[in-house]
Every structure is written in structure tokens, then in C-alpha cells.
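Look at the two complexes coming up: subunit A is in both, with subunit B in one and subunit C in the other.
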Partner chain A sequence: MLSVDSLSVGFPGNQVLQDVNFHLPQGSFCGLIGTNGSGKTTLLRTILGLLRPDKGKVETGDGGIGYVPQKIQLDPFMPLRARDVVALGIDGHRLGVPLPSPSRRRAVDSMLAEVGAAEFANRRVGDLSGGQQQRIMIAHALVRRPRLLLLDEPLANLDIRSVAEVIALLHKLVVEQKITVLVSAHDMNPLLPVMNQIVYLAQGRSVSGSVEEVVRSSVLSSLYGYHIDVIQVHGRVLVVAAVGAEPRTTEMAHGPVHVTSIP
Partner chain B sequence: MFSDFMINTWTVASLVAVTAGLVGFFTVIRGASFAAHTIPLSTFPGAAAAVLLGVNQVWGLIVAAGLSVIGINALSRRGQPDVATAMTLVMMLGLGTLCLSQIGQYSQQVYALLFGQVFGISRASITPVAVIDILAAGALLMLFRPLLLSSLSTDLLQTRYLTATRLDLAFLIILAMASAVALPVVGALLVFSLMVGPASAARNITSRPVIAMGVTVLISLLTVWTAIVLSYVTNWPVGFFVGGFGALAYGAGRGVMRIRRWKPSPIS
Partner chain C sequence: MFSPAKFITAAGFFHNSAVHVALAIGGSAAVVSAIVGVFTVLRAQSFAGHALADISSAGGSAALLFGLPPLVGFLAMAMLAASGMEVVGSRQIRERDLVSGVVLGAGLGVTALFLYLDVSMTTASNAANMVMFGSMFTMAPETMIPALWVAVLALAMCVLLYRPLLLIAIDPDIAAIRGLNVRLIGLLYLLTLSIAVALSAMTIGAILSTALLIGPAATAIRWSRRPGSAMVIASVIAISATWGGIFLAYASFYWTPNHGWPVSFFIVAIIFLAYLASGRTTALARLRRAMAG
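Moving on, here comes the complex of A and B:
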């Protein structure tokens, strides 16, 4: 469960989020969609408690939060196996050198199997592909069995196959374990088949609901403050600012037809 | 080679090698090599000021190491850590030049701190070195997991209610302690190679963090012991051998990694 009420977050001279509201029941798969700079990471960091809101509140229920940060640039020589990264999810905050523990090892092995990473558990994490590394980071986030999982742009810089694999894994976790998943992305299309909720951020404000409720011309036009067309092409959704509309954000100003990064 | 005065050398050098290995492991995986280069060099004005004021050089080293930690930490909060580290180095070296110019002569003591004087270690030096080394090593082992987690991502550390800036400061203090006690043995210019060379080699040899740290300590010990023997035999400076073995260890580690990652090209 995740509930965000009247949330406003800003930095000196920059109001990033303004009166953001949404509620996700347990077991939701929600896409947090918005262009670069729309406040997705700020929202996730506020939910995590890393940023203090100016106004409003966040309720996450019981069970803790798992977090997968934006793509980490891993040193290919870092002496860390995939299983070590997952183990740090259990006790990375504790003092001292980890001692061998059968229960810790069982928890790590079980988590690695659940995310389909058992076969590369003992490989150096820097040697893994982008998709494999994301699986490991998801295992790291879930090994303490949180009820809410936040992922910040987990699909960025992945090839098409890895994107499909990561989404299928997240969907499986939602279905089998009833975890609430909130995934930020600037492209909603890969998430369309699996997400049942969407939070759309633009210019610091948000709309939320089901995909059908939110990704509509009238709703997004109201959010952006000028006319937006929503076009379906071969099952993909294009969000397009009408010709002649006054672009209010930099990402909207890319030529005579202003496309908001085709979310 | 094992006479009374050499026993002091073996003891202190071994203590220094163990701590430098432990600290060096995290220096390399945290990408803090520049800080590991800067802090020992930044102690140079402390040594020069101590000579100028006629006080024990250990105090000069500690004060200068502390100032450089404060400088790196404070400036890093307002800018890029690399630039902050470079600015601290430049400021401290400038201060050292000023102090040295006031001494009036190129002091033998300052020269020894720059290049090391492992054969001149007195019995009285063992206790302070041992105390500081044990404190630094103990603190580092206590922070093993948070340091490893923050090497992966500071965001992940912060979601566990730990502050990355405080951990960075703690690591810099440990680095400064290890540097200050390593200085009389290998010198300011070569503390860096003792910290970076063995750790760079070890991370290529194994992918297990605890074992990599152990291998780092082992290589560090072998480096210092071999350097002492060869320096004793040849009368060449110990720092030369420490630097040389650091580079050799790094090259060997890269070779091991290359062999492991080598895959035969498919036969067409």
C-alpha cells in the first residue's frame, strides 16, 4: 500500500512537485511516467524518506520499502559477486565483517532463484549484462521481503530483450507475492501490458488512475495546460502536443510537432 | 638482518603493511585513490612546521593530516570531490613550501618523511604506531559492510538510515590515521603506492570481498618485507622497492584477470 496526499517538494528556487496525490492498493503495478526532470526521482526519494516534503504526507504501510536506484555504474573490477550484492540487502547497514551464516546464505539463494539469477550468482557483478545487473539489484531490494518496491528508471539503457525480461520479472513478483511496485520510466509503452495503475507527472503536478483513465487527451491537456493528443499506433501510445501549442517545458520544444519524449 | 634495531623495523613495517592493506582495499573500490595520494602528501607541511617549531614531528603529521581531511570533506560538500581534493593538496603543499623556506636548509627529517626511513625506527615508536594502526584497522573492519554498500551506491546506504557524508568523513579519518603512521616507514610519496598497488592487484585476483581484502593485506606484507630485505642487501631506498613491487603486483593482477576473462575465438 502506498498513499501520497497533497505532496509538495521543492528546492530553493525550484518547486519540483506540487500537490501530488495518489493511492496504490497492495498488489498494484504502477508506472510513474514523466519526461526527464518531471520530478520522478524526487518523488521516489521523498517516499523513501530521503527528502523532506514542504507539504503533504506519505504513508507506506507496514513491511518496509525496497529500492532500486537509477542505473549504477559498476566498476568491472569491483571484487563483489552477484550474491554479495544480494547479501548486502540483508545486512549491509550492520557493523563488522559478515560471518558465514547458513540462514543468510539460504535467504540469498532463495532470492536469487526467485529473480532467475541463480546461474550467475557467483559471477563478478561487474561482468554481468545490464539486464542481469538489474535482476541482482531487484533481488538486493527484495531480500528483506518488503511489501513496497520502488524502482527508479530500471529500464533505462537496457536492450529490448532485457527490458522485457525485467518487466516480466516484476509482473511475476506482483502476481505471486502481492508486492506493490512503483516503476519510474519516461516511456510508458513497455509497461502498458502489465501496469494496472499510472501516475503521470508533468510540470510538477500529477494525475493518477488506471491507464485508460489517465492517458487521455482531456486529462493530459488539463495536466499540461494546453492541448495534448493521445494517439495509438500499433498498440503503442504516443502523447503529442498539438501544433501551435505553447510549449511550457523544454522537452516539449523539439520542432513543429512537440512530442513529450513519446511516453 | 634480525638484530635488535631491525626487529623494530620488521615490527613497525608489518603493522603499517596490514593497516595500509586494509585501508587500501577500500581506497581502491571506493575510487578514493586521489585522496589516498593527497593526504600523505598533505602531511608534508606538518612535518616541516614541526621542524620549524622544534616539536615532535608526529604532532605535525597528525595536525596536517587532520587539516587535509577537514579540507577535503568541507570542500567536497560544495563541489566536485576531485577538485576539492586537488585544492586541498595545492593549499597544503603551498603551506609546506612556506614552512620549508623558513627552515633555511633542506632538513634531513623532512626528507626522511618524504621518502621513508624504515631502518631508523626506535623501540619507542612501536607503541604509538601499534595503537593508531589497531584503531584504524578496527574502525575499518567495523565499517566493512556500510563501506561496501556505499561503494555500490550511496542511495542504497541512505535508505538504510546511514549518512553517506558521515561515512565518507569516517573513511577519510581512517585513511589519515593509516597514512600518518605509514609515513616514517615508506615516506609520504610511497604510502600511496603501498595502499593502491596491492589492493588493485587483489581485486583482480578474486571476486570475493573478504578474501580480496585478505589478499590485499598479504600482498602488502610481502611487498614491505621483500622491500626491507632488498633495501638491506643493496642499500637502495626501501621506497624504490615498495613502489616497484606495487606496480608489479598491479601488473600481475591484471594478467590474472586477463587470463580469466580470455575466451578462445570461435573457429570459423
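Moving on, here comes the complex of A and C:
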């Protein structure tokens, strides 16, 4: 479960988020969509407690939060195996050197198997592909069995096949374990087949609801301030900026939030 | 003909008190530097390590001027600089390097002043050479016990901070979410790093101590996939280089009578050769994997 109420976050001279509201029931697969600089990472960091909001509140329920950060760059020579990274998800916050523990090893093996990473568990993590590293970071985030998983741009810099694999893995976790997943991305198209909730950020404002409610030409055009087309191709929904679209510099671009939820 | 075995067993090498002190302090500096060095490479703070070592030379030269034990001077200045770096520092690598560079420049300026005063106001005419390139065979025996205690303290800190430092190396935000005070751990690590560089600066000199800090660690992480084994391998390389260097420097008095070669040269040469060898073996392993695949 995740509830965000009237959340405003800013830095000196830069109001990043303004009156953001949304509620995700347990087991939701939600895309947090927006262009670069729209405030996705700021929202995630506020939910995680790394940033203090100016106004509003965040409720995450019981069970802890797992987090996969943006642009993890694991050095190719980093002397850590994939399983070591997952094990640090269990007790990396504790002081001292970990002692051999059968239960710790079982938990790591089980998590690696769940994310389909058992075959490269003993390889140096920096040698893995981008998609494989994302699997390991997801296993790291989930090994303590949190009920809420936040991922910051996990699909960035991945090839098409890896994108599909990571999305399928997240969908499986939501279906099988009823975890609530909030994934930020600047392109919603790869997520459309699996997400059932969406939070759209643009110019500090937000729109939220089910995919059917939000992914509509009128709603997105209103949010962005210029015309957005929502089209269907071979049964898939695609969101594209209309050819030759000029930004509409109406009061929507600078004024107060008019659209915060869709009836 | 020169026989290493006879040379070691004959009265001389192991009966020389200066060698005892060099082996003990050099060995402890080697182990501490190797283990701290693995964390340094993981955290991409090699430049900070080099800067701290160079800055510690201001403490070493001040100690000569005021008649204090060199360990106190090197350690105090390295710790002061480490605290300064953390206070004004940043988690961004680029910004961290800028801060290290600025503090390094200021530290070397102070070193230049103290070295000038050492030469002009005391009898330490060899001060620059001792501070910058080490004085392994001239270390006072009474320095040995304090140096060993300081080394034990640094190793205890490494054990204590082992998991948090690894977690922060993956991502500082994840560590913060898990309740770790990333800034405090960063400061404790820098203080541990300052102990390592102070010990190695005292033995092989401020300028060359980076070789002992980074070289064995950089070699070990090429050969190992696990942090613990990387630390063991790095320690073995560092000890071998240090003790081997002491042995060769001692032996060199017999190669060119009355003109022994500097021990620091041998230590960094061995470390450099080990690093080259690790590149060759990892390249060969990569080639074999490619051919097998």
C-alpha cells in the first residue's frame, strides 16, 4: 500500500512537486511516468524518507520498502559476486564481518532463483549485462521481503530484450507475491501491457488513476500543455506527441494544479 | 657468489635491530594499507588516499622541527586533513576530487614551509628525503609498539565497517534507507584511511605510500571476486613487497659497498611488477574464456 496526500516538495528557487496525490492498493503495478526533470526521482526519494516534503504526507504501510536506485554503475573490477550483493540486502546495514549462516545462504539462493539469477550468482557483478545487474539489484531490494518496491528508471540504458525481461520479472512478482511496485520511467510504452495504475508527472503537477483513466489524449494533452495522441497499434496503446505540436503556453503551464485526479 | 639463503641465516639480517623495527612497522603498514586499500578502490577514493598521504608529510616535517615522534606528526596531520575533507566533502566523486585537490595543495604548501625550517633551523639536513621517500632503517625502536597499536586500531575499524562500507559502495542511498549514517561512516573510513597512509608514509615516504595503498588492492581485485579474499591477497602482496624490499635494500649494501639502495624503490618496484602480472593473467583468462565460448 502507498498513499501520497497533497505532497509538495521543492528546493530553493525550484518547486519540483506541487500537491501530488495518489493511492496505490496492495498488489498494484504502477508506472510513475514523466519527462526528464519532471520530479520522478524527487517523488521517490521523498517516499523513501530521503527528502523532507514542504507539505503533505506519505504513508507506506507496514512491511518495509525495497529500492532499486537509478543508474547503478557497478565497476567491472568490483570484487563482489552477484550473490554478495543480494546478501548485503539482508544485513549490509549491520556492523562487522558476516559469519557463515545456512539461513542467510538459503534466503539468498531462494531470492536469486525467484528473479532468475541463479545461473550467474557466482559471477563478478560488474561483469554482468545491464539486464542481469538489474535482476540482481531487484533481488537485493526484495531479499528482506518488503511489501512495497520502488524502482527509479530501471529500464534506462537497457536493450529491448532486457527491458522485456525486467518488466516480465516485475509483473511476476506483483502477481505471485502481491507486492506493490512503483516504477519510474520517462517512456510508458514498455510498461503499458502490465501496469494497472499510473502516476503522470509534468511540470510539477500530477495525474493519477487507472491506465484507462489517465492514458487519454485529453488528459495527457492538458497535463503537458501541448497535443498528445494516444493511438492503438496491433492492440497496443502508444503515446506520442503529435507531429508539429507546439507547446500550449496557457495558464496550465505555469498556473495552479487543475488536474490532480481523474473522475 | 651471493646466496640469499646464506645471507638470511648468517648473522646480519635477522640480528640487526633496525631490520626488526623495519619488518614490524613495515609489515603492519603493509597489512593495514592493503585492507584499507581495497575499500579505497571500491569507493573510488584513490586520489583522496594519495592526497592524505601527501598532506601527512606536513605533519612528518613538523614533527622533525619540534622533536616529536614522526608517527604522531604524520597521524595528526592525516587525521586533520581527513576530517576537513569530510566536513567540506561531497558524495559526488568529481566534487570529492576537487576538495581533495584543494586540501592537498594547501597541505603541500605547509610541508614546503616545515621542510625549509627543518633544514635551516635544525640538523635534519636529510629531512625532505626522509619525509617524502621514507626512512625505514632509521625508525626509532620505541616507535614500534605505538605503531602496532595504531595498526590494530585501523584493522578493528575495517572489521567494524566491513558491511556498511560495501553497502555504501553499491549505492549510498540504499545504505541511508537502511538506516546507516553515510556521512559518519564516510568520516570513520577516512580516519581509518589516514591511519593507513600515516603508517605507510612513515615507512616508505609520503609520496610513495600511495603505491602501498593502491597497488596491492588494485592487483588483488583483479584476481578475486570476493572482498574478503581480495583483502587477503592484497595483504600477501603488500607484506611480500615490503619484506622483500627490506631484504633487497639490506642486501644492496653488499652490492655497492657503503651505498645501499632505497628500500622504497624495491617495495614499489615489486608492487608494480605484481600489478603488471595481474593484468597479464586476467587478460589470458579473458582470452581463454573467449576461445572456450
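Everything that follows uses one rule, which is that the second predicted complex is superposed on the first by the 226 of 263 C-alpha atoms of A that agree within 3 Å, B and C clash if a C-alpha of one lies under 4 Å from a C-alpha of the other, contacts with A are read in each partner's own complex, and residues count from 1 in each chain.
As a convention for this text, a residue touches a chain if its C-beta (ideal position, glycine included) is under 8 Å from a C-beta of that chain, and two chains touch if they have at least 3 such contacts.
The model shown is predicted, which means the values in this text are computed figures rather than measured ones.
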item: Overlay on subunit A: subunit C relative to subunit B, clash or fit; value: clash
item: Touched partner set for A:Leu88, first subunit B, second subunit C, both or neither; value: both
item: Subunit B versus subunit C as contact partner of A:Val175, first or second or both or neither; value: neither
item: Subunit B versus subunit C as contact partner of A:Ala113, first or second or both or neither; value: neither
item: Subunit B versus subunit C as contact partner of A:Leu50, first or second or both or neither; value: both
item: Partner chain(s) touched by A:Pro79 [first = subunit B, second = subunit C, both, neither]; value: both
item: First (subunit B), second (subunit C), both or neither touched by A:Val97; value: both
item: Footprint overlap on subunit A, where subunit B in one structure and subunit C in the other make contact; value: 48, 50, 65, 67, 69, 72, 74-75, 77-81, 84-85, 88, 91-98, 122-124, 140
item: Residue ranges of subunit A touching subunit B (in the complex, touch as defined); value: 48, 50, 65, 67, 69, 72, 74-75, 77-81, 84-85, 88, 91-98, 122-124, 127, 140
item: Subunit C residues touching subunit A - in the complex, by the definition given at the top; value: 38, 41-42, 44, 159-164, 166-167, 169-171, 173-180, 220-222, 224-230
item: In the complex, subunit A residues that touch subunit C; value: 45, 48-50, 65, 67, 69, 72, 74-75, 77-81, 84-85, 88, 91-98, 122-124, 140
item: Residue ranges of subunit B touching subunit A (in the complex, touch as defined); value: 29, 31, 141-146, 148-149, 151-153, 155-162, 202-204, 206-212, 257, 261
